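After this come two complexes, each holding chain A, first together with chain B and then together with chain C.
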Partner chain A sequence: MATFFGEVLSVYSRAVEEDDDDLDDENEDERIHREIEEKREVHIVWCPEVAQSLEDSGSNKLQCSDLIIAVGTNAAGFLSAYVLNTESWDAVGHVSLWNERSRGSSRQSIAPLPGEPACLFYRHRDNPAVLVCQSTCYIAEDQLFQWTEKVFGCLQKRGLSVMVLSDSPVAEYKTPDYLYGSAVPFLRSLKSSASKGQALCPALEQPNILTGLPAAVLSHCQVHQIPAVLYQCYTDVISPDSITMETFKPALLCLSKLVKLEPCLSADVLRKFAIITEAQSNLYT
Partner chain B sequence: MFVAAECTPTSFKGFTLIMPAISVGNVGQLAVDLIVSTLNMCRVGYIHTDCLIPMAGNNPYATFAENANDLSTNAEVYSSPELRLAVLQIRTPIIQTKSKKFCKLMVSWIKASGFSRTVVLSSSHAYQRDDQQLLGSPLRYLQTPSMQKVTGDRLKEMDWKEMETVSTFPGVTDSEQRLYIPGGGATKGLFTDSCAEDIPLVVVLIFCSEGDNIPDAFTLLNHLNTWLHLVDAPAQTQPKWRIPASWRLLFGSGIPPALF
Partner chain C sequence: MAARYDRAITVFSPDGHLFQVEYAQEAVKKGSTAVGIRGKDIVVLGVEKKSVAKLQEERTVRKICTLDDHVCMAFAGLTADARIVINRARVECQSHRLTVEDPVTVEYITRHIATLKQRYTQSNGRRPFGISALIVGFDCDGTPRLYQTDPSGTYHAWKANAIGRSAKTVREFLEKNYTDEAIATDNESIKLAIKALLEVVQSGGKNIELAVIRRNQPLKLLESKEIETLVTEIEKEKEDEAEKKKQKKST
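And then the complex of A and B:
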């Protein structure tokens, strides 16, 4: 489109990219695309014990009655504080993937270090059918479907129930009335059609939607008729924050039926899981 | 690919399929929303694929509290057996590197399902129109040779305008003509693949720009209705379409009062 000064600007469309027309690949391009695809593949690395169970099972699937997935630093922090803190959980695997936001130029061959963004699996010692997944790393749009297919591909579908906890900025929450500070943070829920129980907070109203890993997991459960419930916490704080983590407490009601939990935590314990961001950009030091 | 919603398998043999292309202004998708909402179509399945960005939300066509909490995914198929009509709604963009794969997937599903005809609702950048296209109706159509056998010259007789081709080398006389749909997303891919696979397919598109594209969706849909008669309209009036609940707050949340 032309502007008043005569220069021509390309018009930005929210729906399509500029170069969507004609994508005639040469052989060389195809090779490069394939290499990039291989580099971006999602792999699940299980500990030797679980890898052995998978082999022994015949169908290459684990028995799992409950899968709890935490997406985002606050959801992961909540699980760390209230659930994983009871020391009856074993780390049994992690997801190895690489994308443009990962550190380094290719997939890491070693397990992620504590504190690094990662996707980790834990299994309960007394009840090995309960699995927890904490996902704090960025999973690119083209990797979400693969992540979901590969993770659920390792689990037996029969008897499986899924719970997803995720956090989201409140700026993405659409509401006709302006939300005042005191209303935030708050929880909203979504359930797959196969999920029969009552959710413990109001449902996510239209026109709000989910994206990212929570959406991929819930879509998978909806299509494959797996009971799944999601609790999304809308918060106005970007970094992990103890008040936001406490907002997930209603989910404890469901979790306490499965495993022993830490019901009451001191503020100190919660603070340990919330990273305090320091004022980094100080022009004068 | 296509996963049925209930245990009973659905047959689409002989049905008409209407689907959107993800294109400028999302006009096709808006038009499909109006069709599903007005005709009260029920969901019969999902398109489960790695080609689309995942998304989930509550029922966008909710009319009362009981059906408000049905989970909705990024690509769903709705059906109206009385009208022998199936509608595919796609709610998220195609992952860039998977555009070709998506077209092939769609074409093979359409073929396997036995749809008697497919209509793709799409749009194209208004600013790319040439001098001739700036005058007259902004609506265009394209039909595959197989579709031509089914409808004959019906669309031309209704005074519909066929999408013009462009010169492969602009400015060079006698150069080859090619199909060019800027801003149409996967429209061209779907059309050329359907031609190659002998699928009766029609593309109906409108020239538009990004912005509030609801009027464009209505224009496109009213135009389509003159051919398919999805909704009855008394002579000389436009049909009444029902706007779904999900169209609220299209341009953001309520404004904080303290702003003023």
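And then the complex of A and C:
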């Protein structure tokens, strides 16, 4: 939709596919609502071993001491490059959902292809209580609550500690001072009140807010008194970029206590996850 | 507040900002650094070379271009916008020669470019040019000149200036080091430009491109060998300085 001043707003179409003509209008509305709800439902698909252990545990919950969630391409790339690059991680599940921007596969059982935007779970072989979740697909506002409830519903609350990594454009960062180019990218943190430790970077200043999946997860942790800390990276590059990924390095300190990490990272590995835009982009000289 | 006033170029915000123009200046910061130095008998333009793709012809990625025999410019920002501005400036230079039978003064062509840029900050439906330019040259009377323009259409004369990424660092270096001794000879002025760029360019001399105009001579692009020689000279001078300081400390 184009507005008067030339800006373009994207508005999602509310048109619904019409099925057969029904004489009773109310039933038809209900049916349409139900169909939309079913279509937008969030499903977690676990691998057989995990599904089995969920059944075996009486409460249908997984033992989990640490959950690390990465939201966004740079945060996910950072985890892929620094944490998931060793062989000791197993893919144990994925979240299947549909919305206007994330048209996931219509059959839940098909795992997403590598490189596709998706929401994947990994578990460490030596320390199965450590779960990593990489979320690169868009989750609509109405699906966030479901996502959080279903994911946390599978995990035991006691002893759980959560870390969220997310990235955001620096254009969304509101500050009274002018941000010089050298300061970007940078990290800001937010914690739930149950979280006792010291965050590794300054707290997110007002009036900045979090939105989307990181906000839903942190709200859930706050309500259920789960210690959670979130690191948000503000960056000026729109594609996955190695410098932005490196900004998350302070989080490695916490992660190295849980799992053994690769001591030094070759530049090739990082480059694999970052899209090289420099040479091809002739936009700026 | 910015969100409602930054979509259309012709709209002032309540506190007097033209956000599109200010955002255009941000686009300039995405281009690589360019530095200009006005010496006594020479003007120097130095730029940080952009990394070229393997299959790309290097000589088509140029940040320094001639506008006329005695005027040239370096730009930082959107490549395509620069091409348009350069073409218009070149046409204006020739048109001036034919009409007035005199080559343009550096100030005239700078004013022409700046007026063009300003026009685009005041019409609807068009965005400002996202480039800043450093225009150097000699006037007929032999005076060396250096001007800088920015997306808002302002222009000023400078003794030395930098534009693009890390321009602030380079400008601070120049403020400390631009002295009469530093520009006493042509060679010294060139070395000052290289020193200024080395502050912000990673991987040294091979990523620097340098152009000079001497009085009554056309633009000359320095060869990479010459630049390497100068860089080695500069590094040797730095080492000698450090040695002297160490000796002073120990005595």
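The definition used in the following text is that the second predicted complex is superposed on the first by the 243 of 285 C-alpha atoms of A that agree within 3 Å, B and C clash if a C-alpha of one lies under 4 Å from a C-alpha of the other, contacts with A are read in each partner's own complex, and residues count from 1 in each chain.
Rule of thumb we're sticking to: contacts are C-beta pairs under 8 Å (C-beta built on N, C-alpha and C of every residue); 3 or more make two chains touch, one makes a residue touch a chain.
Everything quoted here is computed from the prediction, not taken from an experiment.
Student: Figure out whether A:256 sits in contact with chain B (first) or chain C (second), or with both, or with neither.
Tutor: After superposing on A, A:256 lies clear of both chain B and chain C.
Student: In the overlaid three-chain picture, which partner chain does A:7 touch, first (chain B) or second (chain C), both, or neither?
Tutor: In the superposition, A:7 touches chain C alone.
Student: So, A:204: does it touch chain B (first), chain C (second), both, or neither?
Tutor: first
Student: Would you check which partner chain A:63 touches, where first means chain B only, second means chain C only, and both and neither mean what they say?
Tutor: In the superposed model, A:63 contacts neither chain B nor chain C.
Student: Tell me which touches more residues of chain A here: chain C or chain B.
Tutor: B
Student: For A:86, is the partner it touches chain B (first), chain C (second), both, or none of the two (neither)?
Tutor: neither
Student: What is the contact status of A:141 with respect to chain B (first) and chain C (second): first, second, both, or neither?
Tutor: The first partner, chain B, only.
Student: Per the contact definition, I'd like the list of chain A residues that touch chain B in the complex.
Tutor: Residues of chain A touching chain B: 1, 11-17, 20-21, 23, 33, 37, 141-142, 144-146, 148-149, 173-179, 190-193, 203-212, 214-216, 218-220, 222-224.
Student: Show me the residue ranges of chain A that touch chain C in the complex, using the header's touch definition.
Tutor: Chain A residues touching chain C: 5-7, 180-182, 278-280, 282-285.
Student: Which residues of chain B touch chain A in the complex?
Tutor: That would be residues 3, 22-26, 46, 48-50, 53-60, 62, 68-71, 73-74, 93, 95-100, 125, 127, 180-186, 188, 209-210, 245-250, 252-257 of chain B.
Student: Contact residues on chain C for chain A in the complex?
Tutor: Residues in contact with chain A: 7-8, 11, 27, 29-32, 50-54, 56, 61, 63, 75-80, 82, 125, 165-166, 168.
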